[in-house]
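Beneath this line is the structure, given in structure tokens, with notes to follow.
Labels run A, B, C and D following the written order; every chain starts at residue 1.
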Amino acid sequence: MGPTVDAPSCALPSRPYRLADRAVSPSGTTVTVGDVTFGGSHVVVMAGPCAVESRDQLLQTARAVRAAGARVLRGGAFKPRTSPYDFQGLGRDALELLAEARAETGLLIVTEVMDSLDVELVARYADILQIGSRNMSAYRLLERAAGTGKPILLKRGFQSTIREWLLSAEYILAHGNSRVLLCERGIRTFDAEFTRNTLDLNAVPVLKQETHLPVIVDPSHGTGRADLVPTMARAAVAAGADGLLIEVHCDPASALCDGKQSISTEAFGSLMGELRRLGPFLGRAVA
Amino acid sequence: MGPTVDAPSCALPSRPYRLADRAVSPSGTTVTVGDVTFGGSHVVVMAGPCAVESRDQLLQTARAVRAAGARVLRGGAFKPRTSPYDFQGLGRDALELLAEARAETGLLIVTEVMDSLDVELVARYADILQIGSRNMSAYRLLERAAGTGKPILLKRGFQSTIREWLLSAEYILAHGNSRVLLCERGIRTFDAEFTRNTLDLNAVPVLKQETHLPVIVDPSHGTGRADLVPTMARAAVAAGADGLLIEVHCDPASALCDGKQSISTEAFGSLMGELRRLGPFLGRAVA
Amino acid sequence: MGPTVDAPSCALPSRPYRLADRAVSPSGTTVTVGDVTFGGSHVVVMAGPCAVESRDQLLQTARAVRAAGARVLRGGAFKPRTSPYDFQGLGRDALELLAEARAETGLLIVTEVMDSLDVELVARYADILQIGSRNMSAYRLLERAAGTGKPILLKRGFQSTIREWLLSAEYILAHGNSRVLLCERGIRTFDAEFTRNTLDLNAVPVLKQETHLPVIVDPSHGTGRADLVPTMARAAVAAGADGLLIEVHCDPASALCDGKQSISTEAFGSLMGELRRLGPFLGRAVA
Amino acid sequence: MGPTVDAPSCALPSRPYRLADRAVSPSGTTVTVGDVTFGGSHVVVMAGPCAVESRDQLLQTARAVRAAGARVLRGGAFKPRTSPYDFQGLGRDALELLAEARAETGLLIVTEVMDSLDVELVARYADILQIGSRNMSAYRLLERAAGTGKPILLKRGFQSTIREWLLSAEYILAHGNSRVLLCERGIRTFDAEFTRNTLDLNAVPVLKQETHLPVIVDPSHGTGRADLVPTMARAAVAAGADGLLIEVHCDPASALCDGKQSISTEAFGSLMGELRRLGPFLGRAVA
């Protein structure tokens, strides 16, 4: 028994999302991009640096995460930064480097688009368009991204309810794009002393009941601490995540952004080994 | 990268807790109660009804959780209820029933004490004294409970930071009682539509770095939904929990409180089987 | 229009509080203690130090707040502190000093009781028993405090909903004590960089619709900053508060606790002058 | 004293915002638009419907708020809605109607731009560009809006810290646009049962110390309830607000969005009368 036991039970008369509703596809939807399938038998791991910083940094990291078993390379070209005086990303140059890394490693590319005016450009390079946490409610951006036909990785707003998140997915689905991946990345709570955000793993089984869309977890933003990432990656898989999004940097100490939450390529290799051993006991392969 | 990237890095000059500090016992502390050890090789499972409602309900549930592998029986005698018009617990009669269940099953007993005037009474019956979420900052109560010499299960205040929680543990330790178990049970956030609380599994690896005390997770309050309990129990073990506290009721639909978050004895049996299979791949036995 | 526009409208079928319900006394209840009436034509100001520290400190502050127009003297004898190593209050000695200050100045005394075992003692000295924010849900303590027949100043739990707060008041009312003052003192939110808490002034007009009990505002804890106290005291009166609870110290820089949020006796004098001029334009006298 | 008394004092080594810093203009900045000046001797009232719904609705409301003393007309043309199935605004047609209302009444126009692709269009009509709560961190949008040279009403993200808000203002200032108005509109907290948001009036005096920019308060979104708007408007002025943004509808019951928080033209008239009487006692005229 606890504090909210007598709170009003506010049963929803009906789910306000339609196309995102689990009832549309009770056994779940798979989203296939190239030779990678989300929502199926495999937990798909996406990894790479927070931001693309240089050719060396990106290629070195890409090769390492590929070797360790990642299937998708992440890397930011356009970076939403709280301060206008912080590094804002390399933009188009970063996109070119991502394409080069794809050509060399065969990894798919996921990268963020943060403004409607960049959608066309980013979509020419990315295999998966990421909508960041700050933009989950930028509805016109969602619609434009949807219009490209590319799969969308929709991060949860750090201040958004699950209901609001699913309605943002609904905007994409309603614009004719059915390939949506939901990514839990931590929410903002009253306690941010030890971790940057509170990773909400409750959201994983909740989403499995509410929607048919695959669910990804980002333990890097979800904790903000490299030392906690492996443990929470493991917990995310145990909670039923269909994929992981992990920040990996070939030299975290020199990272231009988010170095504190980026794990090294070595740590990533160890984590992948551990997840591969654990996966079968949770009914999933990890790749 | 994300919303709080530029937030002030507020490095603590030193940890404000002393006896609770990990540095006191870098390899962690074990807490032994009877033949049960917390913080060692085994994940200890505590289970039972939210509240003791009747002799039949308690004994039936106790036998079932014992058979499934639980080592400690939970059950509330004094219940903190948000409304004065809700069931407040059977009080002393419940304590007698708990003692009877212990005598029959050999399970240890954990039960909540919610007021200083009841400490002596509850300590005569309980093997472990529970301090509930609402009372985590009731410092005089903590001291009196500490004074009994009984081990204390200290639940996190649903609105308390990890720092505040560890300082509450420090009150107990500073009063000469070293047997403290910390129990994460979900925190209050802006989203309470789908789950009653947000289970903060980040807290588990954080605590493993900050303190030497064993860490328990309560997925029942942490979710408020019986259907999510098994998944989050699994995630808690993957996150490194030393124990679980789970509400189990022989007939959840008829429970006088928290029926929605109580799993049936059958579901508990299945969960225990699953955890026993999973444990070794996380380096722990489950019992 | 804004973020939560489509959130479920969760109309309460009925108010869960009965005796606290506005319908019980549609024009509002007044609470009279000695020659002071809360909830009537006057905004009642309670002022004094966070903690009683010494005879000089208390008497000097008491004389000054009396001269400036306060009617009730606040001062903590038993202090709930997050750390066991911080000053915990002078206990019984503080109560004696409060009684002496009352005898000299004619001010009524409000002081906190934080444990059931102290209720009888504190009630022998206090004119108004304060239940602190951390103990708003300590239901046995509420009942024992109610049983003394003394008026109760019930502070809002810093992460308690208005509903939970009113149900805590209901515990007191249901135990036969009708003299309850509700005190808003700031809630815990995601932003605590500039202020210690977020003073929730929305709560004042909400309470005026939900309940008949007088509403007090504590801008000292509500902001945690002496420099913001006068502005927010003014805003609280504009929002309809029936009283203010303000920390005043004869030498804030030397205060043993909460010095940062204590205003000086001079600042208090200025504030009272300002409030007396403003009051009539809000339909209230200030005293 | 209270719950966070021992929390780490995390003194900022320096303010991360530069152009927004109070030190840049210690006596405060005024922002002048047409014949209206924000941040000066007058509290400026902006009022109008949530969304432009029809010619009649807009003109009727505009005339009424003009007559009552408002100086700026608000009205949404592009509406960010949580659900894709809700009314999304009349778009360009609404902008034409706003221009017509301006021509007739002489009121200035403030309206929201929610996507970079609409900036040029909206800027052709608006006197003040509003950036909504959901888009406070849409940095490219902020820059594009800044580039139009129009004054910007920057609403606080409903879960953004004051620091983040000021850094968003910094984006605008750093792009050469110095006419920024900050608008507090309520934040998201754990309690949303009685009010849609928690209006954070602490933010008003905090901003007055941190920045030189004028501060506006929106009690309509800040409460979500028409019946609370007048009281909180009064409290906002008492807290030092330089302006108010209030939703007024000629027929709230028929509003296509946010009807529950829109006050009638009659209620607005009464409120303006009250504020005009109150203003001088707070050192401000109201207009």
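In the analysis below, a residue touches a chain if its C-beta (ideal position, glycine included) is under 8 Å from a C-beta of that chain, and two chains touch if they have at least 3 such contacts.
Predicted model, so just to flag it, every value in this text is computed and none were measured.
Shared contact partners of chain B and chain C comprise A, D.
When every chain is reduced to the mean of its CA atoms, the largest separation from chain A belongs to C. Centre-to-centre, using mean CA coordinates, chain C is 32 Å away from chain D.
One finds 46 Å separating the Cα centroids of chain B and chain D. Among all residues of chain C, those that touch two or more other chains are 3, 6-8, 10, 12, 16, 80-83, 134, 137, 158-161, 163-164, 167, 188-190, 192-193. Contact residues of chain A toward chain D in the complex are 8, 16-18, 78, 80-85, 114-118, 134-135, 137-141, 144, 158-159, 164, 167, 170-171, 174, 188, 193. Contact residues on chain D toward chain B in their complex (touch as defined above): 3, 6-8, 10, 12, 16, 137, 159, 161, 163-164, 167, 188-190, 192.
Considering their complex, residues 1-7, 10, 50-51, 76, 79-83, 86, 132-134, 158-159, 161-163, 185-202, 204-206, 209-210, 221-224, 227-228, 231-232, 234-240, 257-258, 277-278, 281-282 of chain B touch chain A.
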